[in-house]
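Just so it is clear, A, B, C, D, E and F label the chains in written order, and each chain counts residues from 1 on its own.
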């Protein structure tokens, strides 16, 4: 059943994107304000186009390529760039074998406080938004998004979705994914839906005792400052939030790392070498030469395949 | 191999039930006394028949229907009734995809203390019970039971069963299940047996340094007071202990929730609606009407199917 | 030595208050913007005057009365009002016997991310603020403030102050206090300064690998949404953040609770009564009458003393 | 102020003891029944008299001597007897320098469950007990008791007493003490009262969402099965629950251990010996002889002093 | 692909074994020295031949038989022998259904300290070893080894291997296995390789900030002192380190336990007996006789099969 | 009483030092061998004399000066030198206000394993050492030592000393101190002795189920590689292990930091400056000049005082 949904995804994108335009803008109607202009200012290094809400739009073809990434490949580039805080782990992972890839759609909740929430709800109504709930955010998701939620680790009453809304997120994002520093409900139901998800815990209670304080604002998730539009990549270990300006370089270097690992394992499989003769670079100049050849050829093949598409 | 056992389960029920009658009653021969009359008094709201030992006997057909329940559906009804403490989680789950359903057969252990245990053993002998061990309890299990054990979180020496006794419990309860605030042994062996099980940890030591203090007495398991005869339902998240008086209503409401979720997902799959237009109830009166129709028809179908059996 | 500082505090208030005005406004020069108007909007129920930066100004005489409060007295009133999320605990407490009282001055940090921080620093410079560091915030503290800092539980590199800046905070706030979801340095040095402080841990590293993202914005601290200007009260257990609109009523009810506890203990000390005959209200109508008399007299005395000042 | 209470304690004992007799017996009016006869059966090795409620009554003069005990001395004797499960630690300790000594008065709570509690309350009323609360238990305390409470580690809503009832317990038990696998309220207030107390945590909420299920029944506290009337000894490390039958021997051996430690330290202070020449018994026969002399003399002195009293 | 590697494993053994001889000896070129003679002295009870590096060489056919062992069977024999500290658990297990069996090849790291490491590196160079890294150890692995590493629980920078070196270890040990009190990288890549592995955590960082201090020296892993050459057996629960002198007896007794469990389950499956009539030994003399017969026959069969090979 | 011991310490040093020479050398009679020559090799950068056992001997007058150090001052210098792993925390601290200073005397235990221990004990006997216990190590302590023990975090059976041996260590080291990654016994008794101590936990059991594997060998304690002879400094936060080669520079820089902090606080106390105008260095050139003057004068004073001694 889920399959149908996913295969019909392409058609739905346009429809949903249209719907999204109808919803009123939220940036002034929330406790933590962050205008479209501020978002553009703070993500000024973005080399790509932008979504209507101002978020950087990492292109679809790069999202596709990013499905082959692993945490370690990302780590290397970001470390080189001096970005040491873009990785979060310690999650329960719904589908460990499936890589999660998408553009960060951020949502922030804070503990409920009636006096503050009262004002926020009134401001929201003034902007044509009837309620401030998790669905206020979820209704704005687009194809290619990953829903990234700060629920400050809350378990009881901290369930961002149950199986119904999880199903909706899957449809709306075309299987993008979910990362929540909080919990989910209906794990049995959710497990049957193919979308990747990372959460801290599971609880039968519905979300409550919190207030929605920001949509597509900068949020903190574990030790990471997540910006709206970051490229999100999750594997069996954890989740990386990659600033758009590094995506192209990172993917190119990942091509080389893949080839390097392939070659290394081929050599190891021969059983002729000690590990240090081959890894992480060959000690013998002849092997170095062999590797360089291999790398060049494989890169060419990859580029040929890509341009052939 | 296990399959055979399960398929031959029906035949065994009668035999085992007979055997059970032969065992001497335990209520006065344990540190924590709880007579059959006390059990009846404290479960007076039970609307069903009772087992020979006095426990409420949720009917087999309701056990069967309960296999479709999830924690969230149970949560809703119990919350309405003001029962906030019937859910326990934090377990290792042996077979995450299999729902556990059965009647609570409770067992309590306490830390060994020779002076007390000496008296308990003497009293037990006076009642024709040669020893007070985990097997004293396990030998009294019946078809449809879930073995629920308070071993106060003990890991080392807190293993209620290894694979041999786990196999026995499976045969005796007809695949009912096990919940233990303690540990199990022989995880490799146990994993090959289909019965659901929830435990805190695994350890190679056999049970020891504890004394059996109660069988079918009220026990505490995590934050729950479990009564003998409670309907036990375990899913991927945790375990619910449902007082018998709520079982019928809970199952009926679950029918509606299933239908509601089905309809909601059908609507979401169309990609025409924002989540808040449909969930958790439709905003458009026409959709409301459509849903009510759908609900009515599906409920009729379900009832027709059930009465047809 | 510290004593001198504290006794000369009165004189310094005026000087420091003047200085504060010289510092440029920060609300637009930080990642999380929250203008003075927004602060006023979101704390509209404040019945008191406001500080120049827009924060509610709970009057000094009420701060003084609040020194006699305990967590439990505060809990009761806030619970009645439906505020269940105003208490944080789990801190290391520097001076367990000393009550902390003051107006919340909030500061937020997030994990460092160069692209974002670069923009924030540039914006700050445009507003005449040379750097964005912990001292940018600390320099804005005023007499009567408690410094409340979200450092997301960071231990290593999460030290908001060492003994030098702790000393400064003590001088600037007139011994107000510090609450940090993070760490401090120089515990030996800090222990010699009388100001109350609540922190998660201690570490020898200086603050680093973070960016200052907000001053006097709404922050989350444990399970609490703290608003700038909240009345902060810390005792041996934890810290309460009290919305200004409840301060007067809370203090008045605390007077009654104090008297009630006094009377209760006097009765208990006589050794004539079971606890349930006296607590939490007397069962005997004559004792009830006696208590009402006592309460009335004591309240009169208190009011007389207060107006006499 | 507290001092007065304590010094007037002697007079109050008689009064309170009288009051206690007036309260109706509880053994049949609680979920976990444990009759006076059962208590006597299960503590049959008690060599001392009994309290009116059936608990062993370790004599006052032995309580007095027990104030000099440390955990290690108790450990040695109980280990010899094969009692490995009589020690609990991991508590917050109110007054670390003060040894807690008294007779165990046990109380058990379980998570609230309305159907069960309803029956228990009705049974209690039938026995003349209007309510089942923490005060139902506390009102039955006697001089020399230590209140030992199983609240299954509950923090929120798990506060057995606040400062008012803590004050009452202090008066009623003559400073006996409190051990709770749960929490307390009003830590500021409690800290001013001299009675020793061991608890897991502190919280501002009052006790709630639990039901009283047993008074003076066997309870589990950490890894210990505590019997009513056990000698409770708490020091800076944790709490021992000593079966009455071992008290005399344990105190006598403690005399020898004290003397041994005294002699050992005297020798060490001379700086002439390696530790292994003296401890744990002297290697040199002459020193052995010297020690035996010392031991004999000091034991004689102690006995002389005791009989002189 | 992995399959090929494994199936070609036999051919590679000889090649790799030859290579191993070429590498210079390490025992004097590491911080923790442990000469071949010391290794022989401290494993003097080894009844088998030795590897060239001095480690006991549990024969291949016993390794093969050990694949049928479970933790519980090992526990029983070692407990009898008075070895209570040979089991470690709390690991993440890569392939829960696969038993890990091999000879312990131990490696020890300690926190980096330049002054010490500088000397160690210089000593290593003097012995013809260019660097001291994880690969220095890994290059010395042989067929049938399990790599056992003390990285003192380090997560960040504590990754003993990524997928490339994990692949190498698999080739070099013929699928032996890995146990590390530390972490691994590239979990996605590693998951595709069939070799069993036990680790504490996963992290994207490469190994760093540590120094290699010993190869094939005694190490501590959890609560176990592991000696080079110990038989390592890992199952779904944890890992046993078995001194070679107990291997033969342990395997023989395991044969009996297997037969006993088989018979027990056959009896249980009949549904005629209470568990205590059969387990852990039959109460009825006729059944005892039946069991002894069964045991004798099955043992004969097993021995016939073995000698037939 | 303790006072006497401490004041008579000077006299005892000579006596104890003499005794120490009588004890046989241990380096070959333990599982982890580390000869005097190896110790000298691995601490080759030591600029000071050495103790008879080969350990660097940081001079007494530098130990005395080190009493004024705090963790933060040490952190700064070691960080500059690239030593990031010399700090351990997470201890229970016996006397939080007292700084611990001394030379590291290291001891290592490992989990007991009879086959290994048997050989070690035999080797020890061959070297004239009758037993391998905690006292074997403790008997070798000298004045100025801090006993640093790796008991791998063991609580039960991991108690390095009780009050008797703690007393001995105090006498032998002249109040040097104790750091143990393990536990102690007799906390009540130990609390009365003035020596500083850092331990993980407290337990009533005596040490057991372990074997002594090394005295004055390199050990790991938390994240630190401790070398025999390191300068150990403990404060309210944790413990630093300082390689001897950095001691002089570190103390000199600490003088400047002390003066800097003094001047900073004097300025802050005037209430005329914002924190950033003064700290961490003055922005105003005139203030800079003033500070330089102050620093110069105070350093001169300090040197004058030191040379005057």
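General observations
The definition used in the following text is that a contact is a pair of C-beta atoms (placed from the backbone, for glycine too) under 8 Å apart; a residue touches a chain by one contact, two chains touch by 3 or more.
Being a predicted model, the structure only gives us computed values, none of them experimental.
Counting hops only between chains that touch, subunit A reaches subunit E in a minimum of 1.
Because subunit A and subunit C carry the same sequence, their contact can be compared by residue number, and over half of the numbers here are used by both.
If you compare E-F with D-F, the chain pair joined by more contacting C-beta pairs is E-F.
Centroid to centroid, with C-alpha atoms defining each point, subunit C and subunit F lie 39 Å apart. Subunit D and subunit E have CA centres that are 48 Å apart. For subunit E, residues touching at least two other chains: there are none. Chains touching one another, given as pairs, are A-B, A-C, A-E, B-D, B-E, C-D, C-F, D-F, E-F.
Partner subunit B is touched in their complex by these residues of subunit A: 4-5, 8, 11-12, 15-16, 19, 23, 131, 133, 135-136, 138-139, 162-165, 167-168, 171-172, 185-189, 191, 202-205. Considering their complex, residues 31-34, 38, 41-45, 81-86, 110-116, 119-120, 123, 152, 209, 211, 213, 217-218, 220, 223-225, 227, 243, 245 of subunit A touch subunit C.
Per the touch definition, subunit B reaches subunit A in the complex via residues 70-72, 74-75, 87, 89, 97, 99, 235-238, 261, 264-265, 268-269, 271-272, 274-276, 279-280.
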